[in-house]
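The structures considered in this document are given below.
Look for subunit A in each of the two complexes below; its partner is subunit B in the first and subunit C in the second.
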Partner chain A sequence: MAYVATRGGEKAIEQAERLFRQDLGTIDAARVETIQQTMPYLIDRVMGEASLYSEELAALALAQTGGELSEAVLVLRAWRTTQPRIAIARPVQQDEILTQRRISAAFKDIPGGQILGPTLDYSHRVLATDVLEGKPYAPPAVESAAKPAPATQPSLADWQREQGLLAPTGEAKVAPEDIPDLTREPLLFPASRAHRLQSLARAETGGVLALGYSAMRGYGNAHPTVNELRLGEAEVVVRHPRGTEFSAGRVRVSQAEVTSKEKGGFLDLGFAATFGWNEVKVIAAATLDLNSAEAPVGSPVHEEFYLYHTESVEASGFCIHFKLPHYVTFQSTLDAMRDAKAKKSAAEQKGAVERQTEPAE
Partner chain B sequence: MFNETPSGGPDQGAMLGILARARPERLKALAETLLESMGEIAVLTNRTGLVMVPMRDTVENVDFHLGEVLVSEAHITDAAGHIGYGMVTGRDLERAMAMAVVDLRIATRGEEPVTKDFLSEERAHLVAEDEKRMRQVEATRVEMETF
Partner chain C sequence: MSLSSLTKPWAATSYGFLDASAKRELRRKMLKAIAVPGCQMPYASREVPMARGWGTGGLQVTLTLVNPTSVVKVIDQGADDGVNAASIRRFISRVSGAGETWDTLAASIVQSRHRVPEEVMREDQILVLQVPNPEPLRGVEPNISIARQMHADADYGKLWLTLYEQIVRKGRIMQGAGYPSMVNGRHVMTPSPIPRWDVPKLNMAKHLTFLSAGREKRLFAVPPFTRVEPLVFSDRPYQVEHHADLTCRRSGVSGYFMNELPIDGGGSAFEVSDSNLGIKAIQQAEGAAVEIGKTWYRNGEFSA
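Moving on to the complex of A and B:
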């Protein structure tokens, strides 16, 4: 193994970074604030993949990377490592979430009812080109209901268990400080359920969508139906030094349960959740979870396949490293190729000579 | 499970929750006013950090880590050893410190008119904000029928 030193590289590298940053112009607080205020779903996606909830820092990361999502997630994950972990919050439970969107494609009459919430599901997707002609788009106001929706909605899965539709399950018994944590320990297979769901929560949206979609199209074992999709805000419940639990604020979260067919007398269920409102990601991720149990090794729905390949920083890092100097590696490939050609040529010449020396029949 | 140590009760929890979500400028202004009559205060901690948020899976009731939330924390004490504590989501050390000051004030003197009024006003503001939003959300309730 040998390395190639490139003379003059330092200056070129510095100028290359300058060129990248020059193209983005001056980044100030106003730009960051504009991104934060106007791009909430993009902010949510970045926070989810970075596994760090801070709308302000996510907006800053987007500003300084020009919206290059892999770089934005990377810089946030790197910054995260500079901060101490102060506490572990009380686990968020589904029926405690301030629910603003909750739908089921499997059951039309779910306890608590169906609330569409903010969505474009039933909208025409038309580009508002009038805005470019100087006519700002001001959205029409929502005609509020007389009474507010309930702050929380019951767990559909609990109701289904009561109806005998889902397999009974035990109580959660792991103390928060003992919950397996991918940021402190490696991902090993078969993965614990806690590792699988944490990994999916921070997975790259496009990767999860691609692999989940492959399962939906038939490359998996189970076709999903959304049992429940829920978007809402969860309280970050921490403990005061005097022992009192209190909420330090709220964070936006998404959850999805998908179901398929009966298995062992019960409906099979897959689950996923993430920071922010990102329903494509959680539906696709829950589909992967649903398909995992019977997945053949090496298939897109096998957990080792989808967890490794949707880890955004590792995947993008491995991909982009291929553009870095590989001269020695590639030189050995060239040497091998030339050697093979030389040997083949020599063999052909030798064969030709031998054929010429064969006696005529 | 979450460590169930003795607490200051639901009222204190609600009070701290209101302080954590109170309008930042009003909270900071209140803390500035209160500080003038609170004597020497020592700052034990004033930092940003992370709180890991677990979530409970509905399929197998397994708790898993959703991710970490950036928070600001302040921990202060007065000469008598009383403590004040503040933690808020986001990066705002002044806001966390202001929460700790109000918490310390209430811990040492109980609810005075100035803090009682503040908590009442902020609680009303937060309730109104939630109600406004959830009335809009309720407008999206849909009744599904099959044909």
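Moving on to the complex of A and C:
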């Protein structure tokens, strides 16, 4: 029975997990609440990648994984997939979003105006070391504008369509319940538009950034101009069985439209949207969307390439799986290599190898 | 009649973890996979509470097959107590109430990573192989859409060419584990990274084999009594690993696939890879009444 004793896998994994959890200490509601309140952008990123909108659950996932992002996303996705789909929300229209921030780089001014909203874009990125010296940083109060910005903003793309700059959109012919759902069916190629945008919406931020950036730098065929970037809150409008529509709550959303050059008489438009406020992700994702139409197969801007390789849970899981033992596969490779070597040296020892000559020689 | 009499009591998760819609989809795809042996069927591949690449595909199939009367054996690299095998087995039994075993003969479902047990599996057993990469053409065609087309056309020329080039360059086919094999004379599949030693066990086997890749969202099957033929040239016979003459230093069994263990001062020692076969051999030697089933290899020779 010594055979068994030398391994003891079950005990080892139990203790290894305990060690990890012991380092994190007791997780209570207060810790979860602190994370939720102090790290909104981290929560947003996790909610986007998990494709599950719940600030509280995202904070809990971060707490129990100690901020290991891919683990946090996996925990949330695994929970999400067990939940029933009880309703399908009405599509969100741009001019209905409660808009906190909305900018366009394509025009100096746009109908509805450029709304900067909350951003670090123009800040000096200086580490507030004073805080560590015992001087808490209290942000100065925001001075309200004389005239508050309207809660909703028109869609710039709609204006562009009226001007004949963008191709007209056909009326959606698909009933909401028939929109393909990436979480319930596999991604196949060529991907439906719904699948592509859903996949980008829950893609890993860093991955989308890396591939989107490669397109921006020149490995793509389109240099993006931000047509419209919008951060806001959207009502989740669902239908009661009695037929009345009502809002089940609001979700923070980001969306980006990027445009490049003329195609078929109209401006080409790339689009991306995600849960939470995550500007880098939606700009990079919209750039990938913009580039995909003419992307060469196998290039980083081809949809099969970027959708597969920015899938957070799949990519991280496969990467860490290489820690698993692979000694059977290795043994098999070793066997072929040794045999090939033995054959070669046997042939060399025999001296002159009988060469088969080509008929032409 | 009340609502509570019409519904089941609330539970945090469904029986066997996966909800009914996920299982229904999987069952449909599994039946389809049986109907077209070796052909990869795409499926949604829900997230499970385990990282992708760690057996999530095999797990989803097992969770769909399992019921409270099932007895589950899970092995990783041939061993039942490998850390990940232990974790998967514990999870399956926790969410399904199925029994656990290390004994191939006692199992109704065997979920495995990279090995087929040495004892012959029966008609009433199902083998579920975890698959990292379901696409045998990936090495010659990384684009999945093109590879799909190649399967549709039964266009395996590039694969044959790779094998031929290996013979020209190295004097033999260098493919290690996961040897590409023709199923039912139509679809080439990867048998998952099982050693070449194990591929003949799938040919005309009595048991049903599912191969499932969770991360890549593909599953395929080898139904019972289906041909599984490794791709070989008629003048270059299929070669399994040279393990026929090796002896396990712990159990004393020989003629099975072995793990090689480097030893101080050079040289190697060997231990049988099917760890429970080794354990049973030791127990038998100690006089315990343990049954060792008929094995696929006898005296190092394959003889199904």
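Keep this in mind: the second predicted complex is superposed on the first by the 342 of 361 C-alpha atoms of A that agree within 3 Å, B and C clash if a C-alpha of one lies under 4 Å from a C-alpha of the other, contacts with A are read in each partner's own complex, and residues count from 1 in each chain.
Criterion: a residue touches a chain if its C-beta (ideal position, glycine included) is under 8 Å from a C-beta of that chain, and two chains touch if they have at least 3 such contacts.
Keep in mind that what you see is a predicted model, and the values were worked out from it rather than measured.
K.L.:
Now for A:P84: first (subunit B), second (subunit C), both, or neither, which partner does it touch?
P.N.:
In the superposed model, A:P84 contacts both subunit B and subunit C.
K.L.:
Pick one for A:F189: touches subunit B only (first), subunit C only (second), both, or neither.
P.N.:
Only subunit C is touched by A:F189; subunit B is not.
K.L.:
Using the touch criterion from the header, give the chain among subunit B and subunit C with more contacted residues in subunit A.
P.N.:
Larger number of subunit A residues touched: B.
K.L.:
Just subunit B (first), just subunit C (second), both, or neither: which does A:K343 touch?
P.N.:
The second partner, subunit C, only.
K.L.:
On the A-aligned overlay, A:V297 touches which partner chain: subunit B = first, subunit C = second, or both, or neither?
P.N.:
In the superposition, A:V297 touches subunit C alone.
K.L.:
Which partner does A:H124 reach: the first (subunit B), the second (subunit C), both, or neither?
P.N.:
A:H124 contacts neither subunit B nor subunit C.
K.L.:
Looking at the overlay, does A:G170 come into contact with subunit B only (first), subunit C only (second), both, or neither?
P.N.:
first
K.L.:
Thinking of the overlay built on chain A, is A:I320 touched by subunit B (first), by subunit C (second), by both, or by neither?
P.N.:
Second partner only, subunit C.
K.L.:
Tell me which partner A:I13 touches in the superposition: subunit B (first), subunit C (second), both or neither.
P.N.:
A:I13: touches subunit C, not subunit B.
K.L.:
Determine where on subunit A the residues touched by subunit B overlap those touched by subunit C, and list them.
P.N.:
Of subunit A, residues 80, 84, 183 contact subunit B in one complex and subunit C in the other.
K.L.:
Under the definition above, what is the set of subunit B residues touching subunit A in their complex?
P.N.:
Listed in rising order, the residues of subunit B that touch subunit A are 1-3, 5-9, 12-17, 20-21, 47-71, 73, 75, 83, 85, 87-91, 103, 130-146.
K.L.:
Please give the residue numbers of subunit A that touch subunit C in the complex, ascending.
P.N.:
Touch residues, subunit A against subunit C: 1-4, 7-10, 12-13, 74-75, 77-78, 80-82, 84, 183-190, 297-298, 304, 308, 313-314, 316-321, 324-340, 343-344, 347.
K.L.:
With touch defined as at the start, can you tell me which subunit C residues reach subunit A in the complex?
P.N.:
Those in contact with subunit A are residues 13-14, 17-19, 21-22, 25, 42-54, 56, 76-79, 81-87, 90, 113-115, 132, 142-146, 170-178, 193-197, 215, 217, 239, 241-243, 250-251, 257-260, 273, 275, 278-279, 282-283.
K.L.:
Would you tell me which residues of subunit A are touching subunit B in their complex?
P.N.:
47-48, 50-57, 80, 83-94, 98, 100-101, 108-109, 113-119, 142-151, 155, 157-158, 169-176, 179-183, 193-198, 201-202, 234-236, 238-251, 253, 255, 257, 269-271, 273-275, 289
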